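Each chain carries a letter (A, B, C, D, E and F) given by its place in the written order, and its residues are counted from 1.
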Amino acid sequence: MNEKFKPVDASVVPRFADIATFMRTKRHDISDEIDIALVGVPFDLGVNFRSGARHGPAQVREMSRLIRQVHQTTGLRPYDICNVADIGDTPVNPVDAVASIAMIEEFFHTIHGAGAIPIAVGGDHTVPLPIFRAIAKGAPVGVVQFDAHADTLDELCGTKVNHATTFRRGVEEGLVDPKRTVQIGLRGSRFGDGDYQWGLDQGMRCITIDEYEDLGRAEVIREIDRVTGDGPVYISFDIDGLDPAFAIGTGVPEPGGLSVRDCQVIIRSLRGKHLVGADICEVAPPLDPSGHTAISAANLMWEMLCVIADSIDRRRGA
Amino acid sequence: MNEKFKPVDASVVPRFADIATFMRTKRHDISDEIDIALVGVPFDLGVNFRSGARHGPAQVREMSRLIRQVHQTTGLRPYDICNVADIGDTPVNPVDAVASIAMIEEFFHTIHGAGAIPIAVGGDHTVPLPIFRAIAKGAPVGVVQFDAHADTLDELCGTKVNHATTFRRGVEEGLVDPKRTVQIGLRGSRFGDGDYQWGLDQGMRCITIDEYEDLGRAEVIREIDRVTGDGPVYISFDIDGLDPAFAIGTGVPEPGGLSVRDCQVIIRSLRGKHLVGADICEVAPPLDPSGHTAISAANLMWEMLCVIADSIDRRRGA
Amino acid sequence: MNEKFKPVDASVVPRFADIATFMRTKRHDISDEIDIALVGVPFDLGVNFRSGARHGPAQVREMSRLIRQVHQTTGLRPYDICNVADIGDTPVNPVDAVASIAMIEEFFHTIHGAGAIPIAVGGDHTVPLPIFRAIAKGAPVGVVQFDAHADTLDELCGTKVNHATTFRRGVEEGLVDPKRTVQIGLRGSRFGDGDYQWGLDQGMRCITIDEYEDLGRAEVIREIDRVTGDGPVYISFDIDGLDPAFAIGTGVPEPGGLSVRDCQVIIRSLRGKHLVGADICEVAPPLDPSGHTAISAANLMWEMLCVIADSIDRRRGA
Amino acid sequence: MNEKFKPVDASVVPRFADIATFMRTKRHDISDEIDIALVGVPFDLGVNFRSGARHGPAQVREMSRLIRQVHQTTGLRPYDICNVADIGDTPVNPVDAVASIAMIEEFFHTIHGAGAIPIAVGGDHTVPLPIFRAIAKGAPVGVVQFDAHADTLDELCGTKVNHATTFRRGVEEGLVDPKRTVQIGLRGSRFGDGDYQWGLDQGMRCITIDEYEDLGRAEVIREIDRVTGDGPVYISFDIDGLDPAFAIGTGVPEPGGLSVRDCQVIIRSLRGKHLVGADICEVAPPLDPSGHTAISAANLMWEMLCVIADSIDRRRGA
Amino acid sequence: MNEKFKPVDASVVPRFADIATFMRTKRHDISDEIDIALVGVPFDLGVNFRSGARHGPAQVREMSRLIRQVHQTTGLRPYDICNVADIGDTPVNPVDAVASIAMIEEFFHTIHGAGAIPIAVGGDHTVPLPIFRAIAKGAPVGVVQFDAHADTLDELCGTKVNHATTFRRGVEEGLVDPKRTVQIGLRGSRFGDGDYQWGLDQGMRCITIDEYEDLGRAEVIREIDRVTGDGPVYISFDIDGLDPAFAIGTGVPEPGGLSVRDCQVIIRSLRGKHLVGADICEVAPPLDPSGHTAISAANLMWEMLCVIADSIDRRRGA
Amino acid sequence: MNEKFKPVDASVVPRFADIATFMRTKRHDISDEIDIALVGVPFDLGVNFRSGARHGPAQVREMSRLIRQVHQTTGLRPYDICNVADIGDTPVNPVDAVASIAMIEEFFHTIHGAGAIPIAVGGDHTVPLPIFRAIAKGAPVGVVQFDAHADTLDELCGTKVNHATTFRRGVEEGLVDPKRTVQIGLRGSRFGDGDYQWGLDQGMRCITIDEYEDLGRAEVIREIDRVTGDGPVYISFDIDGLDPAFAIGTGVPEPGGLSVRDCQVIIRSLRGKHLVGADICEVAPPLDPSGHTAISAANLMWEMLCVIADSIDRRRGA
């Protein structure tokens, strides 16, 4: 393990001690030494109901104190195989959504340019769009999207870029390959017929919670594998994909959702994929002072970190 | 859609805006234009442990801002086929249980007289009794009761009308047909042998959580269908039927209960039944400031609304 | 009392019952029958730290259930002398600050055009600007501003209209008369020297909490009277003017502030002034689930209502 | 100190340990060995807004773990001069207000018959009435009432015994001597003119918060001394007499109230009076999970305990 | 039922009334009349992250007001067949871990010496060690351990006795028979390879959550039966064995865990075993003011009580 | 301003963004470039009631995002005159109080050796002792102690070093000059006569809340000035010196205490003193999820920072 990128050791510094960073990794500015960049995106001007996700990075950092360094099931040790750092938060403008989106994109360009794979903590679910713009230009990614909502509307309140249109924009801009994209956990009363339809029309694989239950988790995992194939894959996790029992601290909770357990297992199943980035969005701390939602997020981020580290490691050998 | 009964459109008025009504429907006084009357019953003088359900209607209204207008699975659009309104709360006397029960009954007589189907938000689980008295005189209803407790005791603390005796009184008064009644989710340590026995003796179908698990949800759905048959059916949902993971804000939580998901699917399965009313009770907001319990309730209310609207629509055509 | 505008009577409908409106007044659309329009402005896109005030109107409505109909000290009965109604919330666009400001202004034009005096519940403290634009064009108002912050910066994050620039814009646009304006409760660490200076330069009377304490409340009241004089006066209350002991649920709490008691007495002292409008802003419910902040706000709104009703009544007689 | 009545010693048993009793006194059934009986009255069926005070005794017991054994200012050591015990809660019927009132009265008859002075923890502010009936028959007491509300209405919702009529009933039944009664902290918007008037007409000394502020605490203390004189005095503390900054966990909070500090000093000033009982009511735990309200109550109970113990001790010597 | 050990009857004393004891049993000092001793162990100096479990006994007592007297599934009536009492809390020294462990052990020696079976409520998960020392000397117990963590490290922060080493010490001291011990629910990111390995090496049956899911609950129950055999069995429940959806109030929550339902059924399956003691640890009330975690704990304690009472009863007959 | 020590600028990086450090200063390891070292001490093994202060540094860091860079009253700009850095947390051993105290002392030796003045955030109120040992050996400091409790007991539960003995040990070890020490805000029921007496006997100036009120704040400030004189002065702030209205999140709240406002003004009055260090202790985040207590602490820390920076600046010129 590169000493410079060694996370805080809980046997030396208790988990309640010292400044909170993602997973207790070291805080470094982005550089080409970094393999995986953990980054906050404190942006929530893209929501049309309850905001608060701007504070998501802070609470996920705090709650990720819980995470240790060896994976429970696979034994993966991400810090032994990759240089991982908390590179801070992207710049944002707190009162200007359009400017913020540009600033976020710019920051991810820098990450991408440095050769690092980003794992982003939002912020609302607008966040993946500027990430796609930075990392997928000319190389559209397949997406594994955990979400209660398809986020493929054409517009919301007259704007084209917000947390309900992200994946439509991504496809339209040639950044997301709909045919290698799968949405998992869709549910919740709908605005109209179009909520999922556009994605279906583009060839996305939309797995509602009903279908999820019918297929069973193992079959869904096979389906994800089939759809995403060998190309570059991006993981996007809207925390409202989880049932509110695991994530009440989010803007638009929808009962009847996925369990953390299911999502842990599904993310683990992505081992072997060519993973190029990930995000976890819509953790809104003011709506869950207990931190439960952020604990769920931190644990899912850990799963992402392990499979991404492994992906990097494998491709090195290749 | 009748403009007069068109709910607030979230694309025009954001969900955080304007006065909260049930499901964002319009507030109207009861009239014969209304097909489905959403009504609050802020009564909790029938409880023997933790009160607070008097504030249930307020918090469910607030949290039902989340609900949209098209059903996620069936595509049902209740507001296209029925006139639905929030008709406010029943009168109650805050310090007189007996008077309140009479006032509630009277209010439901008016609803029933106007030809509307009520969906009531309690209030404690005494509430169904005055509803039965108003809508089932001479035409006993079968009941689909979601509940941790059978509520068929003979008396509690010397009183005959309270949240633990509702369904016994309903049967005794000829308003509830025990042979077409099914209780789902019974569990929790018992006061004695009689907790469920009286219902069983009358022919009720009492499905404890143990039996629920043994049968599986699909078989339980078949059993509900078999028991309730073709006659009029009423849905009564004590929120403590849910596991506390989904509904900690209730007077008598009992671990090991139903999930919201299961209840969503079960209520959907009632499509095609002759539905004559519904309630959702025992949401106690002071015990859950996060609003999770009320979010669960609002989503279950949405399921009730859709199947009841469909029931009305079908019977029109008949 | 005009029956049409009679608030809900707590001796008939308990305070926990029925749909929450401001002060339990009736919900009416704006019309020239209304003397005082209680109105929500669910806008919080003007903040640069913690948002959430978009939910302010909802929680203040809920907590204003507590308020009765006769003033405790003066015996004023506002509903006997004025027609008061809750006219709902202004339109806003949840993802577009500029559009929202225009929509809010338009709505207040309508109120003003109908001859009603508005009492607005924000929303963040950007809200007074569109109100000024609607009601003070050509007739600049003196302002009694309760606030921890002067809100007279020139810009914030590159934008000119936000919750830190409101009163500067108001003066620059000729809507606020700085020489008849008094700011009370200023405090909190400062960004720089300019935080209060611009206002002082324009002739505003800026009373920091230090000076407030030195002068004493009675002298401050005399000073407010002196400064505001006989012209039209507007009351603007940023809830963070209060000490966090009374209002933790706000975006930028500053310890060492005003008590609700002091503010009650100060607002009462405005009796006799020519009052043309009022607002209470920055109540952010997700940051105070107990509702204490909103209870403070509802009580201050009650004080505003009483002196404004009296002001209308006096000017009728004049 | 009588070993049998020695409270738990914090230097031996940490304050977080063992079963919570009032002030960590021993739990004993009432007997003539007891000088001061600490007693819970878990009754809240007399309220017309937010309930929850039925849980008051439990939370005050829990929070009174904080209290030690020597008075901070006077050096009084109540357990050295009196036998003090927690005698548990009065019986109540959770669904029958009338029956409960009788049960409570009966229980206080037993306490009174045993020669003990009760300090009661409610429960709502109906509670003093059955206490008066038990201890003041034929010997009307003067009352020092801390309260936001006069509680001298004639009826509420058609009932004569509830938390808004207590002191009127007490006077009418000859149990409370209005001319030796003082109400402190009255405030809050009023239902009508009669809110305080009846008391004034009977000769009660009604000190609104306005007058309290005008007189100053020292003068109020002299006034209390003057009014209550040498006869038997009862202390009744509705926790809503406190400002919500100290007691948000109550049914009807009214901003602009008394501080705990002021009330501590006032209760201390009652030293030397002939004290015959006390209560502290309206602590509603579900409305304040932090326990702050109950901490306030426990500390005020401690003040009551010290002056009552001293009163007993002095009268022994007399 | 022995009147002296009859729990409070909810039909006489409402569940919100009177002093909270475990399951509303009577508070007695330990004596040879007692069959089952419910005991609090307010010790949390053995944790290396979030403390607070010192308050566990208080909150579990409060929340166990919910529990009635007849088992929901088996119909067992523990109070009819055993004398059960709340014997208070063990002594502890709040600032000295080593001294506390000795004090706890001493207290359990007394319980054991009196012939009672203890059911302990922690306190952190160091607590079982002094219990083993008191009850298993010379007669090593098999353990059914519900836990996210194996707690078989060799040391933590240089100390040998803490909440991460309990079961290793127990085995090393000859108190726990590893070959008759099963751990259920292991999961969570790991410190290193050794987290579970030592236990495996000793012959413990370590069932990770992955294996739990693979086997299914019924098979796990068979496995527990097989492993524990006919010898003495002790049940140790670290509340973090539960998923955080049921127990957020604990020091080290790990998503993806057991449900209360599963644990209820598993504990019930221990009927017929030779049960010699039980504990439930790591409930940290400050981390869950809602009480949900303590409600889970109280219900699991009820399951333990029923099977232990039955075990005692069977062995009497034997 | 030294760029290396320039805090984050809120006009560039919004206050909700990026990793939380004390006052948004840069994180640096201790070095002789640093004038003022902001340091966390996550130690709470010295308490005998409610713990949780180990998380104090984390929550104060988070809430100190609120603080800007210019003092509101004095116009002091600490970052222009001193190099200020967040140097992280001291090492501690989470399960060994004695070892931790030594580790803390060692860390402060390093700070002191580097020539920096420490401002520490506890942790419990044991923390000042190891600081005294590091910075006051041979040069005893006068102390300005804000506290509800004197903390001058001889021992607690058999230990000599804990949060109730700190200042006695400090005096005994020749580190604290009792004749230049003043305690402000003492109150709360007492364990016995000795609670304050030892300090008085040594010549400490003990100002109870009663005397504080009698003297008035201005006179108390003069008294502090007189007592502390010209020698080195250390500020120690136990957050329970504040009234619980401002600081409910602490282990032993005592109603009737100081306001934040009073403490702000008193700390400001220390301008001109020779200040050698400061701490703020006993913020226990799990007991106040709203963050209000930590907001109070962050603001008081800001006051300390400004007067200490000024003190350093003056002494440079001298």
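As a working rule, a residue touches a chain if its C-beta (ideal position, glycine included) is under 8 Å from a C-beta of that chain, and two chains touch if they have at least 3 such contacts.
Since the structure is predicted, the reported quantities are computational estimates derived from the model, not experimental observations.
**Q** Which chains, if any, touch chain A and chain B both?
**A** C, E
**Q** Which neighbours does chain A have in common with chain F?
**A** C, E
**Q** Tell me, please, which chain's centre (mean of its C-alpha atoms) is farthest from the centre of chain E?
**A** Between chain E and every other chain, the largest centroid distance is to C.
**Q** Take the average of all CA coordinates in chain C, do the same for chain E, and state the distance between these two points in whole angstrom.
**A** 55
**Q** Go ahead and note the Å separation of the Cα centroids belonging to chain C and chain D.
**A** Using C-alpha averages as centres, the distance is 38 Å.
**Q** Check each residue of chain B and list the ones that touch at least two other chains.
**A** 14, 16, 48-50, 54-55, 93-94, 156-157, 245, 287, 290
**Q** How do the chains pair up in terms of touching? List each pair.
**A** So, checking each combination of chains, I get A-B, A-C, A-E, A-F, B-C, B-D, B-E, C-D, C-F, D-E, D-F, E-F as the touching pairs.
**Q** Enumerate the contact residues on chain F facing chain E in the complex.
**A** Residues 44-52, 54-55, 93-97, 99, 156-159, 162, 284, 286-287.
**Q** Within their complex, state which residues of chain C touch chain B.
**A** Interface residues on chain C, with respect to chain B: 12-14, 16-21, 27, 40, 42, 54-55, 57-58, 61-62, 86, 88-89, 91-94, 289-290.
**Q** What part of chain F is in contact with chain C in the complex they form?
**A** Against chain C, the touching part of chain F is residues 10-11, 14-16, 65-73, 75, 245-246, 259-261, 264, 290-292, 295-296, 299, 302.
**Q** Note which residues of chain A are touching chain B in the complex, please.
**A** 48-50, 156-157, 187-193, 195, 208-210, 213, 243-245, 248, 252-257, 287-288
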